[in-house]
Amino acid sequence: MQITDDTLEDSQLMTINFGPTHPATHGTLHLIARLDGERIRDAEPIIGYLHRGKEKMGEHLKYNQYLTMTDRMNYLSPALNNVGWCLAVEKLMGITPPPRARWVETIACEMARIMDHMVCNGINAFDVGAGTVFFYMFQQREVLTDIFEKMTGARLTITWPRVGGLPYDLPADFKDDVRKFLKGFYPIVDECEKLLKNNRIFLDRTVGVGAISKERAISYGYTGPCLRACGVSYDLRKREPYLCYDQVDFDVPTGEHGDCYDRFFVRMEEARQSARIIEQCLEKMPDEGPVAVDDYRVILPPKEKVYKEMEAMIFHFKLVIDGVKPPPGEVYQGLEAGNGELGFYIVSDGSGKPYRVKVRSPCYYIYSSYTEIIRGLMISDVVAVLGSLNIIAGELDR
Amino acid sequence: MGVELIRGDNFVTARLADVVNWARKSSLWPFPFGTACCGIEMMSTLASRYDMARFGAEAVRFSPRQADLLIVAGTICNKMAPVLKRIYDQMSQPKWVIAMGACASCGGIFDNYTVVQGIDQIIPVDMYVPGCPPSPQALMYSFTKIQGLVQSGQGLSLDPMPEAVPSVPV
Amino acid sequence: MNSAAISAKVAGAIPGACVEALEFQGQTTLQVRRESLKEVLAFLRDDPDILMNQLLDVTAVDYPARADRFDVVYILASIREDGLAPVRVRIKTRIPDGAALPSVTDLWRSADWGERECFDMFGIRFEGHPNLKRILNPDNFYGYPLRKTFPLRGERDPAFLEYKETEPA
């Protein structure tokens, strides 16, 4: 269906600015497109409107303080980023938190993934004209934010696990809350899927739009749902299991064509699988037991001890002033975040602050392919593709 | 408002300014300048659970010419600052500005080379909302405060522009 | 294929390329000479046993006191569908300030933005890159923020003047 007239001179093309405050660009993405009528001949994405210097900040913050930065990276799923950071630092230090902490972190990760996919798909549907889905899905997200609020004290920026485990145990009715959420969650996903699966308008806007081949996707550094939509069954949770993913059973949904439609439904199915994982975790996790490593050089001693024992007070003081101190060395630890492989590359010089932090953000590399996948599409498809790639500026620009 | 009924219930007298302000405050059209994490909380405020429509502000406009309330939700970096300034200048009078969150108010936790340390360095701000991110309730509270300002005909944009902030040609 | 086997294989295929193979917490880093960097990367990508078909990230680390000031790090991964255990390896090379590395945009598309970011943040140039310009910082930005000598608060810090003197753009 190519009707682009390639004989047009360059000077006859129209240049338009798209963003950075266009509603569909999430406020921070900027695209300069060369248009041939309604078709995109060429485009240049401009990023950096939300560059907040997080890697530089990393060199000036202690390991546990850096959690405040990871919170604000992919702000649709803060728990995933935080757990990723803690995993990386734990790897650097060679410590393993007790099983209960691992199980709880797994649950938190999956809850965060559901939050991410709900908002992403909701907005994607909203952008192509299906407003109802957005409100339904946001409702589910609100339930999850409530659970997180109960668990950690904050709705969004939770700063929650610590290096070496959890700072405090779960609230008493955590399991009931999550079960209640799951009960309401499945019908909503089914319903939203029914609403869109054979919807003529939705199909027209998404099928075959923004497709990318397997090989190109891998070369562009795609990971996560966008890669799986191209038909590659690659999931870090399966390939290099971390946390408790080797003890639970779940499927890795894949698409076929790597277009917007596939990406949408891969995310939907993934959210369902996440719910399945949570169910199993609730069954399998131990109800009792410590939630952090038993080492006061890593985790703050309990307050009663600090008040009563000299030694605990010294540990408390040292940990607050100096922070945790990993040995010199460097590690790279990746985890399957909402958008793909989120990796932290940490170089430590043995002091309480990292020497260098590099965040490998999934969006960054996915977005670098944007020019290629929108070339030849209509200007209105730009929005559909952008939504389905789930570009989060906080993670993109860091 | 000083409303008075005369001649049965057919005529009402009031001050014109009061009536206009009352209409204006009940139908503020916000421009959501959401750049970062606070933008998500702003979205929650607009979405099903908190629902800004209850205050007559569900008609979000992404064209500055149609909006009269600018909600700056999120970090503003040096690269973004000229854009924000231009958007503000493009909005027509009268206009109000909410700085939502620590970043917009003062730079927040990002005291570094790229982040503007508070949008009040570039545009006048009527209302600051503390929090990182502020809860939807906090945003709604600030919104009602803005409504109070509108009703009483106050607002920084109604004062002459401070000298220190030159206008960008629109 | 474990990490020791990889370094042996690289050493066998391109003699003299590897300076050092480091092992830390079960992760491998190969330090290679600057001249053979691209050769090694191409080998790792194309060798059917290793098949590093994805360049996860390109980044650098600044050591201002060293003569070869920067460590440029390539993080590689293999995405394969035959179910073989995945391997990861990091390639590191040292370059002095002002020197350039060959661009690997022709090997992996993801190197495009990775190298641009590296240039933006450290001022490391990559020869043969199609579009090497700033990406995250505005075009009129002065300096390279992730260098250790760059003050955290940038222009608002008095130390910025010193930075401007010692490291002209």
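By letter and in written order, the chains are A, B and C; residue numbering begins at 1 in each of them.
Note that a residue touches a chain if its C-beta (ideal position, glycine included) is under 8 Å from a C-beta of that chain, and two chains touch if they have at least 3 such contacts.
All figures in this text were calculated on a predicted structure; none of them were measured in a lab.
Chemist: Could you quickly compare A-C and B-C and let me know which has more C-beta contacts?
Modeler: If we tally the contacting C-beta pairs, A-C comes out ahead.
Chemist: Hey, which chain ends up farthest from chain A, C-alpha centres compared?
Modeler: Of all chains, B has its centre farthest from that of chain A.
Chemist: Can you compute the centre-to-centre distance for chain A and chain B, using the mean CA position of each chain? Integer Å is fine.
Modeler: Centre separation, chain A to chain B: 30 Å.
Chemist: Any idea how many Å lie between the Cα centroids of chain A and chain C?
Modeler: From the centre of chain A to the centre of chain C is 25 Å.
Chemist: Report, in whole Å, the distance between the mean C-alpha point of chain B and the mean C-alpha point of chain C.
Modeler: 45
Chemist: If you look at chain A, which of its residues touch at least two other chains?
Modeler: 48, 51, 53, 56-57
Chemist: For chain C, which residues are shared contacts with two or more other chains?
Modeler: 137-138, 145, 150, 152
Chemist: Which parts of chain B, given as residue numbers and ranges, touch two or more other chains?
Modeler: In chain B, residues 79, 112-114 touch at least two other chains, as defined above.
Chemist: Using the touch definition up top, name the residues of chain A that touch chain B in the complex.
Modeler: 20-23, 26-28, 48-53, 56-57, 68-69, 71-72, 75-76, 119, 134-136, 138-139, 141-142, 145, 155-157, 393-394
Chemist: What part of chain C is in contact with chain B in the complex they form?
Modeler: Per the stated touch rule, the residues are 137-138, 145, 150-156.
Chemist: Help me check something: in the complex, which residues belonging to chain B touch chain C?
Modeler: 78-79, 111-114, 117
Chemist: Can you tell me which positions in chain C touch chain A when the two form their complex?
Modeler: Residues in contact with chain A: 24-25, 27, 29, 53-57, 59, 61-62, 73, 75, 77, 79, 81, 86, 88, 90, 108-110, 112-114, 117, 121, 134-138, 145-146, 148, 150, 152.
Chemist: Residue numbers of chain A touching chain C in their complex, please.
Modeler: The contact residues of chain A facing chain C are 47-48, 51, 53, 55-57, 59-60, 91-92, 94, 216, 218-221, 223, 227, 232-234, 239-240, 329-332, 334, 341, 343, 345, 347, 355-356, 358, 360, 364-365, 367-369, 397-398.
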